[in-house]
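Each chain carries a letter (A, B and C) given by its place in the written order, and its residues are counted from 1.
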Amino acid sequence: MTTPAPAILEGLELVRQFGVQRAVDRVSLALVPGRVLGIFGPNGAGKTTLLKMLAGGLRITSGRLLVDGHPVEDLDRSWRRRIGVVSHQSFLYRHLTVTENLHFFGRLYGLRDLAVRIPERLDRVGLSDRAGEPVRSLSRGLRQRVALARALLHDPDVVLLDEPFTGLDAHAAEVLRGQLKILKDGSRAVVLVTHNLTDGFALSDEVVIQVRGRFAVRVDRDQVPNDFARYYRDVVEGAA
Amino acid sequence: MVYLRLVWALAAKDLRTELRTKERISAMGAFAVLVGVLFNFAIDPTLVRAQDIAAGLIWMTIIFGGMLGMGRTFQLEEEDGALTGILQSPIPLDGLYLGKVLANTVLLGLVVGLVFFVFGLFFRLQVEGNVWALVGVVGLGLIGFVGVTTLFSAMASRTTMGESLLPVLVFPLLVPVIIYGVSGTARLFVGRPIAEVSGNLRMLGAFAIAATLVGAWLFRFVIEE
Amino acid sequence: MLGVLGILGVLLVHWMVFFWVPTEATMGVVQRIFYIHVPAAWVAFLAFGIVALCGGMYLWLGDDRLDMAAEAAAEGGMVFATIMITSGPLWGKIAWGTYWTWEPRLTLTLLLWFIYLGYFLVRRSTSNPEQGKKFSAVVGIVGVLDIPLIHISVSWLRSLHPQPVVIKPDGPSLDPAMLTTLMTGLLAFTILFFGLFLARYGVSQLRHAAEVRAAPAPVG
């Protein structure tokens, strides 16, 4: 068995507390290039909270987050450049065009070649013909594609996806599936949080089931029985 | 340099959006004009000359009208979670603050222009003193006002009370701006020499600088989740 | 224990005020409220300084105890600010026939009272209590930096429009007996404040410990 590549992003005993409630309770994980980590769990399990912490947008109550082995407290904010996030919220400005949105976020990430980069990325997600339209005139599925283009614009090493299938119709979901497969074959570390057990499981290399803030299960995909839905139900009920 | 470009990118985004929606500017602008109209009815010309109290009325209109627009500073970001997207980006948080301050200053600057125009028209006001000194007084006061209010606007938008909390937090802190701003404006209206407002300019400048520096530094504690 | 000492001190000051200190020449008996008025204001501002200091350190170090200290100081400070701005008008009515005057100390304390109000409103109205603590710390810091500027600007404004002398400035021209009374008042109020502060802080500690005990145990 080949030695796994060193983790780009690693969390050790991560805790997030709101008052006296623990949304994320001593979670440890390592994100390795080329692997997809699927995080499943019931509502309120803390999956989104965990993702926000990994993305650097939510403060960690206790525990450590390491980027290339360095604790983030020792780094300035620039480590966030290596992370791209797709959420169920689009993070877009409705009154700006697709291009303007990408241009804005590209600037935030310090990109210089946007005049070339943006058209190219829009082409990849099949949105070249809608580049000049305001985001509010796009359907949910198309907005999600823009969000994906935005997340990948700066070529992040780590891609975090939080319920990306939410609200998508069949066609849009198919497109997203295709995009995720492309991601999977790359050299990035991917985290996929989803309620969509079928797609999620199909795409994952490693499976985590989070219940009430903790990782109830954390295994390689081949250690999970094929009837994932049943397995998932058993774990969640068992942890209740 | 890169930093300034970032600040500009942030401000430009806000201004571009405002250009398309015109939400805040129309609310503030309509407020300014209507207040002018109401003041006309509220002042008895047989008892007091409008020119005597114009400076005060103008500043109060700017402050109240400004509050209308400033309360929405961060609301734009809430809609589709764009603020989270920004917080997850590598930009320094004080840059985010300064971008907002810049955008708000431009927007409010337009409103200030409108207020002076409307009040000048309605009350037949004239500036006898140095116009540039007036621009200085009002401009510096504006920056101080925006600096403080932007910081607290980020706070207010995360409370259950929302925008209505903003005046309570900010008004006591703006007392120096009102005092130096109004007296400077009044003096320039009646044509006093610049020397008499140099103290005002200095104090307003100090307040503006202090407000933006302190705001930029404290902003990270307010905006992080 | 400090609280008891403080109360005794306050009683002593009252005795001094009513029976011991000589009457001030120009203003008469009413001037005596000065010995309550000034110490109350002093404590209100001292308390705010503590609020800002503890708040700032809380932002830096994240220790909840600093936040509890800031809150305790703020409650005490607001009480004394309230005493000051309610006693002011009472005195004003008796001394000059008007309830309110824009006398610098009174004005400044009134504004301070509102800053305190903002401090508490912001604490209590966030959905996430941790944010509320941070926000109130920011209010404290901004307040403590702005108050000197407010003071300068208000004094400047008043210097433009001379008003009847309100309170004789507490300078060295005070009669020694008056000075003693004033100092006693300052000391007594300060001690009382710290007594209240420690009591309030103690309550916060107990509540915090109870909350931690009551929190649901982590799974597994």
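Note that in this section contacts are C-beta pairs under 8 Å (C-beta built on N, C-alpha and C of every residue); 3 or more make two chains touch, one makes a residue touch a chain.
As the structure is a prediction and not an experimental result, all values here were calculated from the model.
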item: Most remote chain, CA-based centroid, reference being chain A; value: C
item: Innermost chain, taking as reference the mean of every protein Cα atom displayed; value: B
item: Approximate Å spacing (C-alpha centroids) for the pair chain A, chain C; value: 50
item: Distance from the mean Cα position of chain B to that of chain A, given in whole angstrom; value: 39
item: Inter-centroid spacing, chain C versus chain B (mean Cα positions, whole Å); value: 31
item: For chain B, residues that touch 2 or more chains besides their own; value: 225
item: Junction residues of chain C, two or more chains touched; value: 128
item: Residues within chain A bordering two or more other chains; value: none
item: Interfacial residue positions of chain A with respect to chain C in the complex; value: 18-22, 25-26, 211-214, 239
item: Residues on chain B engaged by chain A in the complex (per definition of touch); value: 2, 5-6, 9, 13, 16-17, 20-21, 76, 79-82, 84-93, 224-225
item: Residue ranges of chain B in contact with chain C within the complex; value: 148, 151, 155, 158-161, 165, 168-169, 171-173, 175-176, 179-180, 183, 203, 206-207, 210, 214, 218, 221-222, 225
item: Residues on chain A engaged by chain B in the complex (per definition of touch); value: 52, 55-59, 76-81, 83, 85, 87, 89-96, 100, 104-105, 107-110, 134, 150
item: Parts of chain C lying in touch with chain B, wherever the complex brings them together; value: 59, 111-112, 114-115, 117-118, 121-122, 125-128, 131, 134-135, 137-139, 141-143, 145-146, 149-150, 152-154, 156-157, 160
